[in-house]
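Here chain A shows up in two complexes: once beside chain B, once beside chain C.
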Partner chain A sequence: MKTDNSGDVRLSGISKTYGSFTAVHPLDLTVPEGSFFALLGASGCGKTTTLRMIAGLEEPSSGTVHLGDQDVTHLPPYKRPVNTVFQSYALFPHLDIFENVAFGLRRRGIKSVKKQVEEMLELVQLGEQARKKPHQLSGGQQQRVAVARALINHPKVLLLDEPLGALDLKLRRQMQLELKRIQTEVGITFVHVTHDQEEAMTMADTVAVMNGGRVEQLGSPADLYENPRTTFVANFLGTSNLIEAEVDAKNGDDIVLRAGGGKLVLPQARCSAPATAGGKVLVGIRPEKIALTHADDAGSIPEGRNRLTGKIADASFIGVSTQYVIDSPVCDEFAVYVQNVERDGRLVPGADVVLHWSPAHTFGLDAAQAIDAGTEEEADA
Partner chain B sequence: MPFVTWLKRHLVVIAGLLTLAYLLLPNVVVTVFSFNKPKGRFNYEWQQFSTAAWKDPCGVADMCGSLSLSLQIAFWATVGATLLGTMIAFALVRYRFRARSAVNSLIFLPMAMPEVVMAASLLTLFLNMGAQLGFWTILIAHIMFCLSFVVVAVKARVMSMDPRLEEAARDLYAGPVQTFLRVTLPIAAPGIAAGALLSFALSFDDFIITNFNAGSTVTFPMFVWGSAQRGTPVQINVIGTAMFLVAVLFVLTSMVVGNRRNKQKA
Partner chain C sequence: MTLTEAPAPLAPAEPAKKPPRRRGRLTPYWLLLPGLLWLVVFFALPMIYQASTSVQTGSLEDGYRVTWHFATYWDALVDYWPQFLRSVSYAAAATALCLLLGYPLAYLIAFRAGRWRNLIMILVIAPFFTSFLIRTLAWKTILADSGPVVHTLNSLHVLDLTDWLGWTAGDRVLATPLAVVCGLTYNFLPFMILPLYTSLERIDGRLHEAAGDLYARPWTTFRKVTFPLSMPGVVSGTLLTFIPATGDYVNAELLGSTDTRMIGNVIQTQFLRILDYPTAAALSFILMAGILLMVTVYIRRSGTEDLV
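And now, the complex of A and B:
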């Protein structure tokens, strides 16, 4: 491993505007060398523009791009030690697979490319296909050629622009693992752009969630999932139940909230909004953190857990778990996922239930933001 | 009715063959009559098989001179029109500039304009400018009307080209010149070649515009026209058949080469 940090990517105050439209608001971002970094967001959130500014295909309107200690802001793409795997691959249709992969080496004046190209094609398991044209390969094979064509140049950073978007689900899973394996093997910094939250969480060490040209939150997949700080992140990564609650009092490290006549406890550390008595916060809880108990057994629920009452509106059995929709006074579509370990036969639509969960799994968000930001309903609207 | 069933089943093939015959019959006549030994000055009735004309293709006074002139004009018109037309096509697809859409439609005008009118207008223009009619006026006129066809052919190709291919080239250490030579040009090549072939054929064929602006210069189509009034030498058919054979050979070679290349790849 190199130790000169030359594979760091540092974006300082970088932004991009097209006329009056701001694609990327000034943002600072550091991608440490050797990490697998994902830029996650819906289409039009500025993630691809950010990637293209690192590649040099887009000139930033302000700010600087550093690779290690080198300022590359004004270098053209062909002078940057960075390579890109393009969306839909952009393989050269008039060249065969071998020449596609050799392209970068030849442009840098390297004469004997044969051995390197063959080794690279072996790495992506395409040794047999060297003399075929790109259109003769399947989508998954083309994708691997695109990766090989970029990696052979030993870039300091590999940029991936929705590289798996054109593949079907099964192949996508396979390629996710494959890319992760290659990244571990070569140890190059990967910056990966995707709109697929599952893909970002599976592959990346660090994920930056982008929305409207800004980074909403940055962190490890687990951190983002467990401690979302905005409703967008809470809804975009997985599913969240969000309810509006009023701050009742502070009790040591906890905040006591009032919602729908009941009391909920939220650890102060997990609340990203200022909580003053009488003010409002959004309380969030992930569906799989909630337990369901039939109303008749409400007495058996241990003390100290947050609880809400409701009625089962819908139940769908999906094998490993059952997904319930609960109609409760605070929220009429409360999602609850219960593992199918011991199924209670009484939990059918129409049954009265108590939902309860550990306060430690509760998170609090600023109530001033749209409660449905980042949900699919919002995206459709 | 077995015949009706048979007809129904093979209707597409029959229609195809009839159309092909319709297309090729004139060529067959040209070829057959290139082996004729006509009685008088006109080669319109079949008399007797002879290879005399094939053995002496330049036997007719001035014919090979006009043929060589036509080939030269066609060559230079192709070079000029292809160069200019390719550049125009790239400009129209790649750049947003004032009057772009106007230029886009103006390019089509020479194709839509009746040739006779254009020929007469060109003559007016050349005479007013005091230009000496001949090789150069013909060449200028030919480049002008071939241009539109090149632009149309190349534009279609450039428009369907994924802009990411050039970005990929730049990303892979190819500077602007390298990107153009290694990626843009090879991918646009089929369109450019189509435009060039079309230009060559159009220029070589052209009679009307050429006739108006040639002065005392005589191209091959003008020679054929002129001689047709006094008698048609068999050599005209020989040249026609030879041109046809060259074109067929050209197509066959490119097909064989293409096939072999594909087989090697597989």
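And now, the complex of A and C:
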């Protein structure tokens, strides 16, 4: 692989405003060469605008865009060594698949395109379809043509704008793996825009979660999932149970909190908010980290685990796990996912239960934020 | 019990299905009927009547009789081929001018006009609110010998050039081929702009972005993406301009002279002044066949059979 870092994307203080509306607040971001980078966020969070500024389809209101050492901020798109896979593909309907893929090569004055185009169509497994028109292909095939048409130019960076949005769920899963395979094979920097958190986590090495024109948090998928630093990230990536708790005392590396009459322990290192005695923090715990025990067996729960009591409000069996909604004094819709290994027949709606989990799985967030940021309820409002 | 009961509701529903289906099969034909009647009465019957007229001989006093005298066609062609040729070349010139003037305007309306789009469209159609004749007569004033247009063209020595090309005569524009072609262009311009606009407006703006992203400069994007995709509009626009322009006689009548008579003028004179009905009918059929032939070749060559 190249070592000159020419495939780095560096955004320095770029922003975009439309009249009085700010789509992207001044943003610094570095995407290292060869990485699969995802910009994740709900619609209108500025992720597509950011991508379009890298492509040159949108002029930044401030700041600069660098590709490697080259400042491309004011270059028109046709002079930038980047290519885009557009949302709903934007294939040229009057050209066949071969000519669609050859388009970029021909514009750069390359005469013998046949071998390259055939190789590229082979890479995306469309060798047989070369002479068909785009409308004769299925959605998944069109998507692959769009990828081939961009990749054949060996761009320094490939930009993907919700490339899988128009596909059905099964095909989307398949294409996620396919794109990941292609990226590994060609080693080009991919910047992928999506609103689907699962897609971002499956494919990307690094995910930047965007909200309201700002990057909320940046990190590897596992890091973002395990250590969210804002309620938006906690709720947008998967599901989180958030409880408001009061700081009782500090005990070595742990913070002891009071919530609903019980005590909870939170490792100091996993709390992103300043915790002072008497102050408030939001305590978070992922649903699959929680174990559920019937209230009658409460004595068998090991010491040192965080506990809450509650009553099962709802249980839905979804095969691999059962998803419970627990009505507890601290939160009336506590989500708990239990693997279906040994099912306790007493765990039915109405049953009194004890929720317990390891303190190490607990995370703490600043209580000053909206507790429902990034949830579906908030998005609908 | 519950298992055997479940399919029961299906049974009574089946016989009820048939009657609506039979009625439904005839509905398209009933809907077709009014249009079909109109075509028969106002298109097919007059065509047959004209066809029979064209092979009749006789005189106004003795009456005409069908004698299958096909020589009328040959005679008409021999006598009037210069007017045919002139009609086709004037119409072709006007169509080319319409395309040159109309395409940039349609492009502007479709991609650049923003909130002015509707206003410009209204302005394009606005001339239709006045009569065709009045508008053509207005051109008489515009191109008048002492008018500003002739004066300007003269002082710029443009008229020397057009005179040399045979488009104008001396210091005059009126009563020359240029005046007729100008009139045709003006009158048929909206028929060019509307289909062009419709097909340009349908082009997905992201295709322009995609072309730019794939290293096409703006002009290349136009040549390789926008123009090919607007071909349906170009074809229907040129047809809508060329076909009526070939048969037009008003512009040549009002803005031209005896040297600029088009085939439409000949047919009109044969019908209404000389009262030689067979020759007029034969000329009409030759014109129709000629246009049909040219249009067929044109559509075949432009490769847009499936798009028109």
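Points to keep in mind about this one:
Definition applied: the second predicted complex is superposed on the first by the 381 of 381 C-alpha atoms of A that agree within 3 Å, B and C clash if a C-alpha of one lies under 4 Å from a C-alpha of the other, contacts with A are read in each partner's own complex, and residues count from 1 in each chain.
Rule of thumb we're sticking to: a residue touches a chain if its C-beta (ideal position, glycine included) is under 8 Å from a C-beta of that chain, and two chains touch if they have at least 3 such contacts.
The model shown is predicted, which means the values in this text are computed figures rather than measured ones.
Chain B and chain C, once both complexes are superposed via chain A, clash. Legend: residue contacts after superposition of the two complexes on their common chain; A:Phe103 is shown touching both chain B and chain C. Of the two partner chains, chain B and chain C are each touched by A:Asn83.
Look at A:His94: by the touch rule set out above, it reaches both chain B and chain C. By the touch criterion defined above, A:Arg144 lies against neither chain B nor chain C after alignment on the C-alpha atoms of chain A. Residue by residue along chain A, chain B and chain C are tallied for touches, and B comes out ahead. Judged by the touch definition given at the top, the superposed model places A:Arg131 against chain B, while chain C stays out of reach. Looking at the shared chain after the overlay, A:His195 reaches neither chain B nor chain C.
In the superposition on chain A, contact of A:Arg10 is made with neither chain B nor chain C. Of all the stretches 5-13, 149-157 or 293-301 given for chain C, the clashing one with respect to chain B is 293-301. The intersection of chain A residues touching chain B with those touching chain C, taken from the two complexes, comprises 55-57, 76-78, 82-84, 86-88, 90-94, 103-104, 107-108, 149-150, 153. By the touch criterion given at the top, residues 55-57, 76-78, 82-84, 86-88, 90-94, 103-104, 107-108, 149-150, 153 of chain A touch chain C in their complex. Those residues of chain B lying in contact with chain A across their complex are 162, 164-165, 167-175, 178, 182-183, 186-187, 189, 264-266. On the chain A side of its complex with chain B, the touching residues are 55-57, 76-79, 82-84, 86-88, 90-94, 96, 103-104, 107-108, 131-133, 136, 149-150, 153.
Within the complex, the chain C residues that touch chain A are 204, 206-207, 209-217, 220, 224-225, 228-229.
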